[in-house]
Amino acid sequence: MTLAPDLRRVLTIAGKDLAIERRAKANFNAVVFLAATMLLLFGFALGPDAAALRAAAAGVLWLTVLFSGSLAFNRSYQTELEEGALETLLLYPGSRKSIFAGKLLANLVFILMVEAILVPMAAVLYGLSFGDGLGGVALALVLGTIGFVTMGTFYAAMASRLRAREVLLPLLLFPMLVPLLVAAVEVTAAFMGQSPFAPTGRWLTLMAAYDVVFLLATMGAYDFVIDD
Amino acid sequence: MDTADAINLTGVARRFGRRWALRGITMRASAGESLMLLGRNGSGKTTLLRVLSTSLAPTRGAGTVLGHALGRSADRIRPLVAWLGHDPGLYGDLTGVENLRFSERMRRPIDGSATRDGRIAGALERVDLAAAGDERTRGYSAGMKRRLALARVLLAEPRLLLLDEPYASFDESGIQLVNEVVRAMREAGGCVVVATHDRERSAEVATRALRLEDGLLYDDELGAVSSRSAVPGVYA
Amino acid sequence: MTEATDTRPVATRGAPQAQSGRLALWGVVVLLALIAAQVYGLLESPPDRDMGHLQKIMYVHVPSAWSAFVAFLVVFVASIAYLWTGRARHDLIAASAAEVGALLTALTLALGSIWGRPTWGVWWTWDPRLTSTAVLLVVFVGYLALRAFTDDFERRARWSAVVGILGFLNVPVVYLSVRWWRTIHQVQSAPSTVDTTFAWGLRVNAVAFLLLMIYFVRERYRVASMEHLLEATIEERELRGSHGV
Amino acid sequence: MTLAPDLRRVLTIAGKDLAIERRAKANFNAVVFLAATMLLLFGFALGPDAAALRAAAAGVLWLTVLFSGSLAFNRSYQTELEEGALETLLLYPGSRKSIFAGKLLANLVFILMVEAILVPMAAVLYGLSFGDGLGGVALALVLGTIGFVTMGTFYAAMASRLRAREVLLPLLLFPMLVPLLVAAVEVTAAFMGQSPFAPTGRWLTLMAAYDVVFLLATMGAYDFVIDD
Amino acid sequence: MDTADAINLTGVARRFGRRWALRGITMRASAGESLMLLGRNGSGKTTLLRVLSTSLAPTRGAGTVLGHALGRSADRIRPLVAWLGHDPGLYGDLTGVENLRFSERMRRPIDGSATRDGRIAGALERVDLAAAGDERTRGYSAGMKRRLALARVLLAEPRLLLLDEPYASFDESGIQLVNEVVRAMREAGGCVVVATHDRERSAEVATRALRLEDGLLYDDELGAVSSRSAVPGVYA
């Protein structure tokens, strides 16, 4: 009886955030182009040797997702802070976890859309061919992104309200993402035919476990960071 | 629920970092009242309103709003209170209607969208923004933004209404609108607290005047010119 | 006054002044323990076969690593305690432990890689223990940075408590993931299992370092809570200010 | 006669910015440790294979400098915007180019200090030994950093005043840095004994030329971007 | 240079995006005058001051300040003008003294530091912030910040002083301080323009009153209650 309304609130908030993103379309495009630029920079930095690049591709892809994606999280709170909307938002009835869930959902959609453009781009630039591993790569992307977005949305709730937010968010966020990054890179590489004998199953379980654990943990902790 | 006081604070104090914004507020207000809250800059008006709205927890002291304890059962209070602050609290990239729809969806998640849109149209009519309802609020003037925020408050139909300097950046008609809203709330049996620097305007609708001087509450006369000699007001 | 959001320090119980005496004594004990441990380590235990006297670094490296972990455990527990009780004391303890822990972790890394150069021929390997130690360090540096940038006491306490808890939970996961990662790529791990002949030297030093860590934390905590007491008394005066309630 | 005062102004502004950075010391530490975290992430992404890592080291080092450094530029204008200081700053007598030069100088010092810690760290993590190439690497770092900071300070003057500044600054900045990045990576790698026969001389000239050209260009254009 | 007017504008207009903040200002003021600039929110006061300070270029029209043409020779004007806006324009992480020292170094790069620090100490004395001079301004109250900004303006010794709502967030003594500064400037042969909502306060020092109504300038009586019937003022 109390769940239903909060579920609707989650959807309302996610819808609102996405609507705003659609309006300020510039932002999505900017992030996509930035990601593309980063892919290029990686290419230039890791030298022209095609073999080396292909070997590094999975890692590069995920680093690009992390570095460009983490720029989007602060923004989802900036819109709240601009005209004091956050205070109003916090005073609505119902659980505040629905705010977290809503923003998480919106960011998830946002990042997944970025990836939908980023992955083919990386495939082209780094001469990758997924073949029948495509499904696996997709699964890895989804699992990895869930964990990434969960942590990003959570830490941005704090960082976005501080002066040094640009530096602080990645500083808090990245160390937490290490297990996810390792797993994601391994799985992606495996499905792209690099290390065929890698225990992808175990990695995927790790990622799923990470997602569940930290989703619950951040949900539980959110009231402490958002309430003022 | 029982006919408890709308507001009942005892010794509520609030600190920001090292400085005390409220030093111990003891007050009581009942349904149907509308309080005028005076006091110069930095005296603590906004802080007091934010404590009443549950967006700030008291550092010391205790109190109830509409019968529910501040802090402990804040989520019982939130559905019953509406707050209009310095900032309109809008999303500049959404239209006026979309802003109101969002707020309504958050307050009444299970309403049908038909009834909802009906109520929204009515509210826009009332703050006469019907014309601008489909423009993004980023283009609104300060006055229009506050009108829209007022419409949001109207739709909320709260039992305790908290207005922080509602007359600011309003022209004559806007000021009248604010006062109509206050009257309507009172007649609906709600309680209203208006923090303002504009004694004359709010005197038209207030039933009682209070004054904050750095963090302490004194009572004040409605019409009078702010009297410097006053005693701590305790309403038991 | 409500206990829920009471941010007054335990210091108001006059603790820090009382502590200072005991702490001084404690400090002397720690000093003696350290000297004893080092003497024992350097003289009694034999030089290592292949590492020679270099191996003596272990007597600092390992204990500092261990006591760093203990310090972070303290952060973890104190943070939970703070979120539970909302007592300023727990926040101050957590902060103090985090500072000391970060220091010791940095020491561990430094000594470790100084040690690694001659033994493994490299300053660093992507060994699970090394990397997870490094991650541990940045996590708690982030914790301290967050504190430095947050002004409001109550908010700082809540936020950093959450960050401390999550960060601590994350480290075992890091360790696990890096271990799998390495085993897949068949890279030999750090040859750093202890020979029993060194066990005693290690144990003694470990105890000494543990005492040292506790001493630092308490000292840091004493200072922190004195500062907090100072602010609290100023606040009291301001609260009972010109008007009086 | 008019130069002397403006030179003093440059130093005054640089001194002011650095003083502020010193006060908010946390910021410098945060950037340094963020860079360290990035070095770790690269390590995890590019696999534990020591040889591969050593090969990628030069690129990783420069990418870390770019990604972490570009977070510092917006900040040097944030301090101006916080309490409307920029308007006052613009109304002082003398040429406004001295504002640019002053901030450029301050950022240069800041980034060079970060690098002074970053490079040894990278050397340790990626098992590099500069040997007698150290001087060359230092030269490459200085030349590369001058160009990087010049462009960063210039574009931040625009980006820092927009809502999407986090995304916009790198989006504007990174494409401009490609030539610098390529040259810097090549030279650094060469001096680290990777590709011994690389034409380091030519690369260094390219970097020097890049620095001069864009220093003059941005100096000339600054009045257009800062004036309102 | 000749004894030109301090201010001489003809048909100056300024647009922001699609709306005109100033629609054609023609005015003249000479040394020793102190103008009171009235007008409701959004009427264009700040915009006019920012045009005079050279921080905004006029969209239309032309004018000279202290004999130098706006726009073309703005850098000749800047050394002679001082501006105190809504915001104090301070660096929160620097102390009061350091803030003033920075400003002085920018204005008088070749002064010796001894004389400089002497003048700074004097200015702090005058705005009585001598005690707080070595604290970071982040901790200053709104009033203290404005005092420090006032000290900066004093040190500048401008020939044209532009004050935007100088009385805002000032207590009694602060208000007196502002008026003393205005008097001092006038006696030193400077010209002062004060944009304010507080007619009574500024009447104590003003020699002439002007009023902006959305972007047009009218003249107004010093003491009087704002007269709705007014004619466009052209001073030739």
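Going by the order they are written in, the chains are A, B, C, D and E; count residues from 1 in each one.
Operating definition for what follows: contacts are C-beta pairs under 8 Å (C-beta built on N, C-alpha and C of every residue); 3 or more make two chains touch, one makes a residue touch a chain.
Fair warning: this is a prediction, and the values are worked out from it, not measured in the lab.
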{"item": "Set of chains adjacent to chain D and to chain E", "value": "none"}
{"item": "Dominant chain pairing [most C-beta pairs in contact]", "value": "A-D"}
{"item": "Most remote chain, CA-based centroid, reference being chain C", "value": "E"}
{"item": "Centre-to-centre distance between chain C and chain B (centres being mean Cα positions), rounded to whole Å", "value": "47"}
{"item": "Cα-centroid distance, chain C relative to chain D, in whole angstrom", "value": "34"}
{"item": "Whole-Å separation of chain centres (CA-atom averages), chain C against chain E", "value": "55"}
{"item": "Numbers and ranges of chain A residues touching at least 2 other chains", "value": "24, 82, 163-164, 168, 171, 174-175, 178, 182, 228"}
{"item": "For chain C, residues contacting two or more additional chains", "value": "131, 135, 138, 141-142, 145, 149, 178, 181"}
{"item": "Chain B residues counted as touching two or more neighbouring chains", "value": "none"}
{"item": "List of chain A residues in touch with chain B within their complex", "value": "4-6, 8-9, 12-13, 16, 19-20, 23-24, 79, 82-85, 87-95, 228"}
{"item": "Contacting residues of chain C [partner chain B, same complex]", "value": "1-2, 4-7, 151-153, 231, 234-235, 238-239, 241, 243, 245"}
{"item": "Complex contacts: residues of chain D adjacent to chain C", "value": "25-26, 29-30, 33, 36-37, 40, 43-44, 47-50, 123-125, 127"}
{"item": "Chain A partner contacts - residues on chain D that touch it in the complex", "value": "24, 26-27, 30-31, 33-34, 37-38, 40-42, 44-47, 52, 55-56, 58-60, 62-63, 66-67, 71-72, 74-75, 78, 82, 163-164, 166-168, 170-171, 174-175, 177-178, 181-182, 185, 189"}
{"item": "Complex interface listing, chain C residues touching chain A", "value": "83, 131, 135, 138-139, 141-142, 145-146, 149-150, 155, 158-159, 161-163, 165-167, 169-170, 173-174, 176-178, 180-181, 184"}
